[in-house]
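Before anything else, here is the set of structures, which you'll find just below.
Both complexes below contain chain A, partnered by chain B and then by chain C.
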Partner chain A sequence: MNAKRWLWSGLILALLIGACVPAATPTPTPSPVPPTPTTVAPAPSPTPAPAGPTPTAAPPTPTPAVPGAPAALKIGIVTFLSGPAASPFGVPARNAAEVLIENLNAGKAPAPYDQKGIGGVPIQAIYVDEAGGAEKQVAEFRRLVLEEKVDLVIGYISSADCLAVAPVAEELKTLTVLFDCGTNQIFEERDYRYVFRTHAHQVIENVGAARYILRMKPNLRSIAGINQNYAWGQDSWAAFRDSVRKLKPDVQVAGEHFPKLFAGEYSAELSALLAARPEVVHSSFWGGDLEAFVIQASPRGLFQQSLVVLTTGDTILPRLGRDMPKGVVIAARGPHGVLAPKTPLNDWFVKIYKDRYVVRPVYPSYHIAQAILGVKAAYEKAIAANGGKWPTGDQVIAAFEHLEFETPSGTIRMALGKGHQAVEPVVLGITGDFDPATGEVKLTDVMEFPAECVNPPDGMKTPDWIAQGFPGAKCP
Partner chain B sequence: MNLHRLGGLILIALFVGLGLLLPGWSRFLLTLALARGLLVLGVVLLMQAGLVSFGQGLFFAAGAYAVGFAMRDLGIRDAFLGAILGAGAGLGIAALVGPLLARYRGIFFAMLTLAFSMIFYGILVKAYRITGGTDGLRIAPPTFLGWSPPEAQLGSVLYLFTLVGVGAMVFLIFRYLRSPLGYTMRAIRDNEVRVEYLGLSVSRALYLAVLLVGAMGGLGGALSAMSVGHVDPNLAYWTTSGEFVFVALLGGTGSVFAPLAGSIVFEFLRTYTYKYFPYTWQMGLGLIMLVIVGFAPGGLWTLYELIARRMSGWSWSWKRGA
Partner chain C sequence: MERRGMEQLAIILIDGLVYASWLFLISAGLTLIYGVLRILNLAHGSLYAMGAYAAASAVLFYFDRGLWPPGSYVALLGAALIIGIVAGPLIERGLLRWIYGRDPVYQLLATYALFLILEDGMKLVWGVNPYYAYKPYGLLGTVQLAGIPYPGYSLLLIGVALLASGGLYLFLHRTRVGRLVVAIIHDPEISVALGANVPRLFLLTFTLGAILAALGGAFTAPMISVVPGLSVEVIVLAFAVVVIGGLGSLEGSAIGALLVGVVRSLMVHRIPELELFAIYLVMALVLLFRPQGLFAIEEVRRV
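Up next, the complex of A and B:
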């Protein structure tokens, strides 16, 4: 046959692959050059993407300190590695998981996590891309469990993926920790035995935001919202609007805008918001949409005219630096990022993250740290309860339910969904002056609403809780 | 019994055996691949008439959501009813959009199908209270005529159910393509004016093809939804439809089995690119597409034909004692 033609095409193909592979190594995102000259060290590229199931740690297996323990605890970590959600959420989460697992395996974490790996057993992580839709994720979950034989799965940023995977986790009887998805439906519509969520769902930050703006503006008369037209945006706005109107019934809604996801251009909505002159504007935008919105709204004076609440605003502070307008209410889906508590554990976490990736961790990084540390705490509690022997799956689940554990975001309590769903406080602040030392604006008027204030009691659906006027809420 | 029947029986036995022997995750992939194969078969069917459908996601989502709504609102959990409802939903939508589609050719047909599927996507996303928005709907494990299989066997049962549904559909299409109507499709591609002069109605033939594609797509959507246990609007998104066209090119248009083979190869290919290139899997698929278009424009089926021809040539020469 035409051997020459095949040879040439093979050569071209090899060149193509060669040219593309290094370009596609994950870069630490968000990775703008820090705006201050003090920290302009070039972003060190993280470890290049290893081919294959990317084990972060394969240390020479020491004799397990725990009888009956496996050589390594295999964790499947599923997060967006490609697509629009990779840069703001997926990759910061993956980066945090990588650096945290490395440090845990080396036994370098501060107390109470100073034991190597999990109970002395090293963690082996397998990273999987969350892109491809719920259908693909169900297939990938089955493959992780049945082919890769992972001991547990930590993952899922998209609510649709969480909702699709959770029943499959029950079917396959595999411990699964959801780390970032927002929907409140999961544990409010049915009980799960093998599924846990170590962060609070999305409704609470909108309840917190409603309480915050009423503290800031007790005489509030009008609100408006601009949210992405999909479940996240619709749920967030509904929770915020209903909470505000429950707390102060005479507030008028001056506009509800739902531009489509990844629209990126908001001049029409901005004109409508500027004309309606609402006192408060709520937005649950995230990622590129949020950045585009802030950059487009800033010169048109929206931030001077209205008090704008950005419920995921923390993620863009390091990216925008001094371009972040003043007087914007910022939240981080809980005590994460700049709003995280000042504890030794948090300082350590920020340090190891910054040492590797230059930028600071944002809330998805905190969320995955909560999931990993929650798993570690549950396993170690189960080992202790099992007389120092490696626990069975049921024992780990028993230990995980209603667990309280320390994280960089403070103490997390698994209080809802029969001990499977965490509660978190909500912290908000207002952007102020630019601080050259951190490369970000400083926050003023920081206020924390404790978990008992912004979470419904166990067994109650969040929309009902809001509709009934927050029964059982204990607020400062 | 002729050779074709024997080959068919061997193929069926092979698939049944595969499904029962394979580990759970690959059986699940195979189930998905078969269900999605029906959509690809639809693309290939329309390609016979020289039309490219970029809106197969429309029928896929229609079938899947029919199962979702039936389960949530009517409490219907039966797999047979679900499959019929799914095919019916696909058929119904095809009956609505078909008259318009049958009047357009080439890029206009492709764009119209794309437009209809994106309109459906928009409705699914915006009708949040009814469809669950982007969070989608959960689908409980189906029952089979009142029998609900134990959890451990559910995967195998669903696989066999899908296999039967897909097998029946493939047989139907096989017969269709060998019927006068099927030949009309190819004639339309070759010379539409002459077909009209022969006294055949082109638009009626195309409308029937769209109906068939719609019903088949709905069935595929219903089967896939029952296996996955969750439906979301992404099923109607244009990238899903684009994937079906991709798989059609990958598999080839030479036979009714080519789309199924392509679908199975694609699912496994994608899974392994996910596994070995978690950051660059899209690029891996793209490179494979380039190679296919460059060296085997007829898809993977040309490889089979090549082998089959060599083999038959070999046996022929062997019989002659050469």
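Up next, the complex of A and C:
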């Protein structure tokens, strides 16, 4: 047998697997009940993940209160239902969408969202799996619009998918609300008419984290970062590092680590961080990588040695519970999750979510609620402006631009990107004791930085804003 | 300054050794199976992932019963053995024995198909939500080495890898069955002519390889959150190590794992931007000078 031939065919196939597997990953199967709810991730939703798009909750009561209204408003909802981003982000978002839409359709939501469905028209959701990469998502988007004939699309957790779909949304003239992707590029690179984003981009938690640690350690001397080696990790670290050094130029960078996405093993990086002894360590890790990092860093004392900032830390609090180390700075990409404001709307949202899924909602759940409520607010404002008649697409867009609306995370303002990009404040806190009564980790030193402090002004690119020393920022 | 330099070097070597132990565990089975069966098992990573899932389930079950915590290591080991002993013979008897001696492309496609099937099979059994079985990771506390704390678990991992390699060495060179396996590695035809029971030895070797893969997964499970997609990450790394060492050579795998481990650790500490590239750098350099890998098994003749 020819060993060389083996070698090459094997090598090629191994690379092929690496390249193809995400695309080949099929829709997930509903998991069996996990053995121990205390240590295993949250129980999955009782409804199985649909194999491909399945219309759910087709409402039986077509009572158009609004003249000219359709029998139902069809919304394509795209989120990760399989793959590594499903369980930390995609499924909590899908769960929130399901329970929220059900309650909206039943007219059970509190004011100002107490009208049934959207302006009396029930919402019909079609769920699509975001796994498979940007090209597949563009094809899925076209299919949703051209074949399923959805009225609008709410979707996308991956920045790559957002960047690929946004121009196609323009081309097909379909209202599209991006609900979770973090890249600041979308509205800073060009203007969109049909695309909206109802949450702030990644800059808020990184600029916020920089300001936070300088409040906690005014004499800060050194920082280090460990971030995943792709756009999200690199952009997050760059925004954090540059912000810290702009605010305090003598801060040294004691290490910049970029392990592979889904590496899962950080022994050597941790040794490097422990040996370099930076005062602050920044990480935008998410999902399984973040959990593995915390599991491995905790016994080695990294959290005692350095003040560690986890910008998506909120997502792992419900899972790690009492095993979450103390003294870690966590953020939730805005006032979400454990950092959400105490309002009746938030209490209601947490209650309907917990009643159904046992665990509490995390930030992707809040992000999709913002998108759905933003759409509802925009449509209902457009109906009012149109003399009580069902609005045209242009009228909805006009109503959506520069909209201000209430969400479980507080009032959202569509302030950037000519009224298409939301700004949000950012909240950070330090983990303390576990409270068995609430099942939550208590946070201390909670600090909020208002939207005007952590978002660039309209028309300015984020890197320029940081480089010029945050012109126009109003901070407490 | 001198002392700091020495400490730095020690840290780099320890980190390299920890990573090398893990690499050896995931690649030893792959190279052993190739050496004897002449099949590159692309489903090797799936055996690793099944070992990780089974170990996570076993550990969670174990701690649920409130049993003596250090016993959880036995649960890890037991889970790996069960997966290897059940899945190994099933795969060998059910699939591989039909494709021995076929064109390598068929064999690769068949094991690739198996990989896809197992990937979905695992989702059926364990679902898509992550499993956390991290209790055994913290049990051993930390050890101060070269001025920084290392988890005792990393040392355990080195121990497991040393035991596995030592055990394999003794088995292959000191037992009758082991010597027969070595004979097949070097010359299958003569071995058969001399009366070696090849089907039985193939079964035995594949099961052994499967146990090694599952062992790697089982001892990784407490360090990570066990999620779908583990297999892919592993097969690419394992394959690279096996290629560096020479397909079919256990010694090669061990040396290859050490090389990659130390070079990667050096990159992490000195030039972190190149960390991702470390394994491919070693592979490229080795293949440049020894296209067959470091310890390629000698080919008696080409067919």
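Basically, the second predicted complex is superposed on the first by the 425 of 476 C-alpha atoms of A that agree within 3 Å, B and C clash if a C-alpha of one lies under 4 Å from a C-alpha of the other, contacts with A are read in each partner's own complex, and residues count from 1 in each chain.
The criterion applied here is as follows: contacts are C-beta pairs under 8 Å (C-beta built on N, C-alpha and C of every residue); 3 or more make two chains touch, one makes a residue touch a chain.
Just so you know, these numbers come straight off a predicted model, no measurement behind them.
Residue contacts after overlaying the shared chain place A:434 against neither chain B nor chain C.
When both complexes are overlaid on chain A, the residue A:269 reaches chain C alone and has no touch with chain B. When the two structures are aligned on the shared chain, A:164 is found in touch with chain B, with no touch to chain C. Counting residues of chain A touched by each partner, chain B versus chain C, the larger count belongs to C. Within the superposed three-chain model, A:128 lies in touch with chain B and out of touch with chain C [touch as defined at top]. Touch criterion met: A:183 reaches chain B, while chain C stays clear of it.
In the superposition on chain A, A:229 makes contact with both chain B and chain C. Of the two partner chains, chain C is the only one that A:323 touches; chain B does not reach it. In the superposition on chain A, A:82 contacts both chain B and chain C. The residues of chain A shared by its contacts with chain B and with chain C are 9, 13, 17, 21, 24-26, 82, 229. Residue ranges on chain A touching chain B, taken from their complex, read 9, 13, 16-17, 20-21, 24-26, 49, 51-54, 81-82, 127-129, 131-136, 138-140, 142-143, 145-147, 159-160, 163-164, 167-168, 171, 183, 185, 229-232, 234. Within the complex, the chain A residues that touch chain C are 1-7, 9-11, 13-15, 17-18, 21, 24-26, 28-32, 34-36, 39-42, 44, 82-84, 86-87, 91, 229, 255-260, 262-265, 267-269, 271-272, 274-275, 287-288, 291-292, 295-296, 298-301, 319-320, 323.
Residues of chain B touching chain A in their complex: 23-26, 28-29, 32, 125-126, 128, 132-136, 138, 151, 154, 224, 228-230, 232, 234-235, 240, 267, 270-271, 274-283, 287, 291, 294-295. For chain C in complex with chain A, the residues that touch the partner chain are 7-8, 11, 14-16, 18-19, 22, 38, 40, 42, 57, 60-61, 63-64, 104-105, 108, 112, 115-116, 119-120, 123-134, 137-138, 141-142, 147-151, 153-154, 220, 222-225, 227-230, 232-233, 235-236, 239, 243, 247, 264-265, 268-269, 272-273, 275-276, 291-292, 296, 299, 302-303.
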